[in-house]
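Please read the structure below before turning to the comments.
In this document, chain identifiers A, B, C, D and E correspond to the written order of the chains, with residue numbering beginning at 1 in each.
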Amino acid sequence: MDDMTSSSRAGWITGITVTVVLFILPIFLGQLGKTGEYWIWVCTEMIIMALFAMSLNLILGFGGMVSFGHAAFFGVGAYTVALLMKKADFPLYLALAAAPLVAAIAAAIVGWFCVRLLGLYFSILTLAFGQLLYMIVFQWYTFTGGDDGLHGVPRPEILGPVNYYWLCLILFVICFLIIRMIVNSSFGLSIKTIRENMERAKFIGINVRRYQLLNFIIAGAFAGLAGGMLCELNRFAQTEFLHWSKSAEPILASLVGGMYSLAGPAIGSSVLIFLKIFLQQVHRSMVEVWAIVLGVLLLVVVLFAPQGLVGLYQNIFKKSQS
Amino acid sequence: MEQGKFRVLLALVLIVFSATLVVSSNASAADVIKLGFIADVSGIGAPFYKSQKAGLDMFIEEINAAGGIKGKKLELVVRDSQLKPDIGANQARELILSEKCEFLIGPTSSAVALAATKVAKEFKKIIFFHTSNAEALTTTAFQPYMFQVVPNTGIEGRGMAVVLSKKPFKKYSLIGPDYAYGHDQLNSFKSEMAKRRPDVEILDTVWVKLGESNFSTFIPTLMAKKPEAIDAAFWGSQLSAFIKQAKPYGVFKDAPVSSLFDLDMLRSTGSDMPEGLTGYARAPFYAIDTPQMKEFVKKYYDKNKEWPADWAIMAYDGMIALTEAMKKADSTESEKVVDVLGGLKFNSLRGERYIRAEDHMANVGIYSGVTTKSPDYKEFLIMKDVQAVPAEEVWLSVEEVQKRQSEQK
Amino acid sequence: MLLEVQGINTYYGLSHILFDVSIQVDRGEVVVLLGRNGAGKTTTMRSIMGLTPPKTGKVIFDGKDVTGVAPYKVARIGIGFVPEDRRIFPDLTVRANLDVGLRKTKGKTSWTIDRIYQLFPRLKELANRRGGNLSGGEQQMLTIARTLMGSPDLILLDEPSEGLAPIIVKALGEFIDLLKREGTTVLLSEQNVKFSLKHSDRAYIVDNGHIKYQGTIEELEKDEDVKKRYLAV
Amino acid sequence: MSEAILSIENLSKSFEGNQVFNNISFLVEPGELSAIIGPNGAGKTTLFNLITGALVPDEGKIIFEGRNIVGMEPFDIVRLGMARAFQRTNIFPRMTVLENIVITIITRLKGNLGFVKHWNSSDRIRKKAFEILESVGLADKASHQSGTLAHGNQKRLDIGVALALEPKLLLLDEPVAGMSPEERWETVELVKELWNRMKITMVYIEHDMDIVFGISQKVRVLCYKTLLAEGPPHEISANQQVIEAYLGEEV
Amino acid sequence: MTWQLFVFMLINGLCQGMLLFIIASGLSLVFGVLRVINFAHGSLYMIGAFLAYSLSTILAGESLMGFLILLMIVPPAIAIIGFVLEVSLFRRVYRQEHLLQLLLTYALVLILDDLVRVIWGGEPRSVTRPDLLAGSVNIFGMALPSYNVFILIVGPLIAFGLWFLLYRTRTGNIIRAAVSYPDTLGALGVNVSWVMTSTFMLGCWLAGFGGVLTAGLSNIDLGMGMQTIIECFAVVVIGGLGSVGGALLGSLIIGTGLTFFQLPFGRWALVFPYALMALVLVVRPWGFFGKPER
C-alpha cells in the first residue's frame, strides 16, 4: 500500500492478463466439442457467482456487516429478468438493466430497517427479511410460479453459449472496475472507516447509517444483476435463489478467497465451484460427500486461515521475500 | 517480483484446469449408450427412487444380456436432484454435455421435470418421463423431445373425479402439495367433478409445502369445515405421513380420504393404512392380469425379494418403449428416435399401449379400487375391486391439447 | 512470604502495560498499591489472578507457581479477587450471588452465609433483592462478601473506595481492619491516598506500569518527595 | 466578555435510575484551554458523550455557538465544528495513518459522496493531510498501518484526526492516559502549541494534576453529581471543598 | 368458528409450540452462555431424530417402555456429541468475531447433515408411536392424538425442569452468572469452561429430546434440521436471545399462530413466523424478554 504506483501497476497487469486469458478461453474450449461446451457453461456460472460474491463482499469485507439475506436480492434480480422476459416480452438487455434496479429498490427497503441494527442483530434481521422475501416468492404461486419456479426464459438467437459467456465476462469486467472504483473512492474509504470503528466514524462527521444503507443498496444492485445473469444462463428463476442457504454461498466464497481484498471473493467462489466439479470428475461418489468436503474446508479456513486464500498467498509471498 | 509469482500461479491454475478437461473429455466410451437418470434420491421421493432403479436395472440387465442395442450396451448414469428444479436442470445439462448421455430419463418431481424438459429441448435430446407426470409437460410446456409413459395429473385428477362422482358425498375438502403436481391434479379433479356432479361443493383447499411431513397445523384446518370426503394429491412418504397422522385425529372416521395408493406408499404405511378407502394406483402389479406382468413380477420378486411397485413397472415400460423405438429407427440419434416414438405402439407390462403423436403421451390410465387387507400380502394393504379408468376416457382431446400447446410461449 | 510477584511483564494485545513489576505480600499484611488511573494497578491484580497472564516473570503464591494458571484454579488455591467495577451478577439475588462464591475449603475455617450475614446485616435484609438493583455501596459490600465466601487466604481488593460516599468509605476501612484481625491477607489497590495510608501496613507506588516506590507506611509518610511526585499531594 | 462558544444549561442525566449528574450548568469561553477533573465515575466522559451527541440528556440544554444541539446526531454536531479525541485510543486500526486523516478531511470538506475519484487523488487534500501529520509529528509514518503504531503515536493520530476536522471546539478525553512520562510532556507541549497556534477552544479531562495545574486557564471539578467548583487553577487547588472531595488533604 | 373448534385448535397449536420450545430453548440457552448462535443445533436435532429411528428398529418400539428408553438414551447421546464439538471446536472461537463463529457452526451443518445422508440414506423415516400414545382423546367431539397430549405434558415438564434448574439450584445460579460476567465467575473459583461445556451439552440434550419427540410425531428427513433451525431463530428472536422464558413465549406464539392463521390465510400462514421475526427485530431487537445490548 505504501508504494501505490508499482502495486497498482502489477494489479493492472494481473487483471489484464487474466481478462485476456478468460476472453480467449472459449476459443480453446470450443475445440473440445460437448465437453468444451459444458465447461463454457461452468465458466459462465463461475463468472456470475464471482460477481455475486463480490457484491456481498462490499457489505461483508469492506463494510464489516454480515448479511445472511443477500440471496434475496440475487433472487429478486433473477425473477425480475424472468418475469419481464416471459410475461412482458422485454428484450434481454432491458431486463438485465432492470434487474439491478429492482434489486436495489428491494435492498433499499430491507436495508432501511437493517442498518439500524448492529452485529448479530443485523445478521438475523437480514436473514429474517431474506426468508420473508423467499416465502413471498414461494407462496405467490400465480405470479412467481411458487415452488415450480419460472421456466423457459427466452434466449435471443444470437446468444449461443459462447456469446453469452462473453457477454457475462464483459459485464463482469465492467462491474469489477466499478466495484474497484467504489472501493477506492472516498465513499469506499468511508465505508472502511465505519467497518474499522463505527463510533469514531460518527465523530469525524460520517452519517453512518446513510453510508451503510447506500452500500447495502449498491451491493444489492450488483447481486440483482448477478441473479439476472444466472436466470438467463439457466433460463429459469427459482425460489432456491432467495433461500438463506444461497446467501451462505458468497459468504463462504469471500471467506475462502479472502474478504479484505477486492478479488478474493471472486477467486474463492471460482475455486469452490471448480473444486466441486473437479472432485466429481475424479470420482462420482465425491458429489455425495461434497458438503462434507466443503464443511471441512470451511472449518480449516475458520480455524487456521481466517484471511482466506488471498491472505495465505500474501503471507507466503511476504515470507519468501524476507 | 510479484509478476513472476503470478505467472507461476497462473500456469498452475491452467494446468489443473486442463487436466480436469482431459479427464472429463475421456469420460465417455464409444460402445455404450448412456442413459442419464435424473433421480430424486433423497427426501420424499427416496422410496420411489429405489423402485425405479430396481426396474431400470432389471431391464438394462436383460437387454444387455441379450446383446444390447446394435451391439451397444446400455448404461445408467444417476444424479440426485434432491427435488430441486435448479439442481435438476444443471444435472440435465451436465449429463448431456459432460457425461455424453444419449437419453435422459425422468425425475420424480414434476417441478424438476419442468426444468429438465427445457434443457432437453435446448440440446435436442429425448427425455422420458416415467414418474413425474405434470400435464403441463405435454401441453403448455410441450416440446417434441419429451415423452410421458405415466398417467398424467389430468388423467389422474379427472379419473378420480369419475370414480368419486359415483359416490354419494357432496362436500369435499382438498389437500395437496403446493407445486405443479398438486395444483394440476386438484384443478383437474375440481373441473371434472363440477362437470359430472354440479351438486358437489368444494369446501376448502389446503396447500402444504412439498416435503413438509408435519401435518399438525394442517389437519385441524382441513377438518374445520366438516367435509364428507377428502381428495388428497399427496404422493410417496408425504402421503404416508399424512395418513399416519390423520388417523389419530379421527379424520377417517369423519371423512374417507382418496389419493394415490401406490405400492411403496402402502408398504411404508403398513398397518396404519385404513381399510375401505377409495384410491387409485398407476400400475398395481396385483391387479393387472397380463402374461408379461406375471413373468415380470416373478423375476422381480426373485431378484429383489420384494414385490414391484408402480414405479418399477412404469420405469420398465418406459424402457420398453424407448428401446423399441431405437430398434425401429435403427439409431440412437434423438431426431430419428423421436420420429419413431410419435405414434409408436408397444407391448407394455400393462398391456398394449401407444404413444399419441400430438402430445407424446402414452395412453396409460389409472386403476381405482378400495383398500383392503389381503391374505397374500401380510406387510401391506392392497386395493380390491380394481377397475381401470382408461386414458381415453379422461385424457385431453387432441383439439384441447393443441390449443394448450399453442398458448405456450 | 504468601505472595511473591517476580518481575512480571504484561501486555494487552501489543501494548506493554506492566514493566518488571515485583511485589511481596506477607501473611497477615495489608499491602496497598497506590497510583493514578491507568497506572497498572488493575492489570497487576489481573495478572496475579491469571485473567491477563504475564508474558514473563512469575507469580508465586504460598510456595506454588501460579503464573498463567487458569483463574478458577488460582481462586481455588486461595486468592480472592474483588474487581474494580464490582461485577455483581445482575440477574441473581443477593443470596444467589453469595452462593455462587461459596467454596468449601479443607482444613481451615470456611466462611458461611451466616457469618457473612453477621458481618453485613444489611445483606441479610437484601437477601432476595436482585443484584442489579443494589446501590453502589451495597454492591461493594456484596462483591467483597461474595469473594469472602470462597474463604481466600489472600484477597485482592481493586479500588474498593471508588465512587463511594465518604461514610461508606469509612465503613469499608473498618471492614479492612476487621479482615486483618481475622487473619486474612489483603492486597489493596487505591487512588485514595488518605484512605489507603490509614488502613495498610505497606505500600507500593505504581506509575506507568513501573513500581516506583516501596516501603512501610511510616516511611512513605516521611518521604515528601515521593508523595509530591507520584501522589499529587 | 465574549459570547460563550458552549453553554451547558441545567443538564441532568441518569442511567437506569442512577443519577450521574444533576442540574449542572457552565459556560465555555471561546479560546479557552480548560480542564475537567473529578474522581472516577463522576461522569466526566458521560458529560463529553452528552455534549457530542453520543448520549441524550434527560433534561437541560447544550448550546453550541448559539444553537441548541440536544437531540442532534454526533455527525451533525461534528459538522458544526466540534471535535473530540478519545480516552481509549480510537482510530481506524487497519487503515494507514494517511487514510485516517484524509477520510476525515474529505468528510469535512465535501459532506457529499464521491464514488468515482480515488480517495487519494486530490493534491490539495493530501497536502493538507501532511500538514496535519506534520503538526502532530507523524508525517514520516503516513503509510504505516495505524494499528501498528506505538501507543503514544496512536494518541497523536487521534488528536490529528480531531484536528483534521478544523474544529472550533476540541474536547480531549485524557489525552495522556497510558503514556510514558516523556511522551506525556511531549503531548502536553503539542496540545499547548496547537492551542496557541490554531486558536481552538479546548476542553480536556485529565487526572494528572501536574498537567492540569500546569497548562489550564480554567479548571472545573465534577464531583458528587454536580459541578463542585470552577475557576483558575490556583483557586481550585486552594478550594477546601475540592481538596476534601478529590485532591486529598494537604499534608 | 365455534368455541369448541377454537379450543381444539388452541390446544393443537400449543402442542406445536411446546415441541418447538424444547428445541429452541436449547439454542437460546447456548447463546446466552456461549454467545454463539449455533446453526448446527438443527443438525443435532436431526441426528437425535435419526438415532431414535435406528434405536426404535432395534427395540421393538411399540411399547411405551421402548419409547421411554429412546427418550432416555438418545438425548444424552446427542449431549456427548455436543461435548466433543464444544471441546474440539467451539472453544476455539469464543473470542473471535461473530462471523467466524457463525461460519464454524455453518460448516458443522454442512458436515453433519451430509453425514446423516451418508449414514441413514436419503429416505424419510418415522418412529412408530407406542400403542399407548397411538390413539386419540376426545375433546368436544373432536379427536386429538394422544401423542400430542403427551407432548403437551412433556413440554411443560421440560420447561418446569429448566426453570427449576436455572432459578432454584446453585448450578442454575452459576449458569446465569456466566451469562453476565464469565471472567468474574472464574475468579470466584468456578471452572467457567466446564460451565460452558455443560451448558452446551444441555442445549444438545434438548435438541436430541426434541428430535426423539419429532420422530414419533411426523416423518423425519434430511431437510428437517435446516427448516427447524430457522423456526428456532424466529422463536428466540421473538422471545429475546438468550432467554429461556422468551423461548417459551416465542414458541407458543409461533405454534398457535401457525395453526390459527392456516384457516383464514391458507398457504400464506407460513409467512407469519418470518414477518413476526422481522417486525420484532425492527421494533424491539432484543425481543420480548431479552435485554438491550449496548
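Methods note: a contact is a pair of C-beta atoms (placed from the backbone, for glycine too) under 8 Å apart; a residue touches a chain by one contact, two chains touch by 3 or more.
Keep in mind the model is a prediction, meaning the values are calculated, not measured.
Chains that touch both chain B and chain D: A. Between chain A and chain E, the least number of touching-chain steps is 1. Distance between Cα centroids is largest for the pairing of chain C with B. With C-E and A-D as the two chain pairs, more C-beta contacts join A-D. Farthest chain from chain D, judged by C-alpha centroids: B.
Centroid to centroid, with C-alpha atoms defining each point, chain B and chain E lie 36 Å apart. With each centre defined as the average position of its C-alpha atoms, the distance from chain A to chain C rounds to 54 Å.
Annotation: 50 Å between the Cα-based centres of chain D and chain E.
Annotation for chain A: residues touching 2 or more other chains are 138-139, 141, 288. The complete set of chain-chain contacts reads A-B, A-D, A-E, B-E, C-D, C-E. Considering their complex, residues 41-44, 46-47, 49, 80, 178, 205-207, 209, 211, 213-218, 220-221, 223-224, 237-238, 240-241, 244-245, 248-250, 253 of chain B touch chain E. Residues 37, 89, 92-93, 96, 98-100, 102-104, 106-111, 113-115, 117-118, 226, 230, 233-234, 237, 241, 267-268, 270-271, 274-275, 277-278, 281-282, 285-286 of chain E are the ones that touch chain A when the two sit in their complex. By the touch criterion stated above, chain D contacts chain A in their complex at residues 52, 54, 73-75, 78-79, 83-84, 86, 90-96, 99, 102-104, 106-108, 110-111, 113-120, 143, 161, 164-165.
Looking at the complex, you find that chain E touches chain C at residues 170, 173-174, 176-177, 179-181, 183-192. Residue ranges of chain A in contact with chain E, taken from their complex: 60, 66, 68, 113, 116-117, 119-121, 123-125, 127-129, 131-132, 135-136, 138-139, 141, 244-245, 248, 251-252, 255, 288-292, 294-296, 298-299, 302-303, 306.
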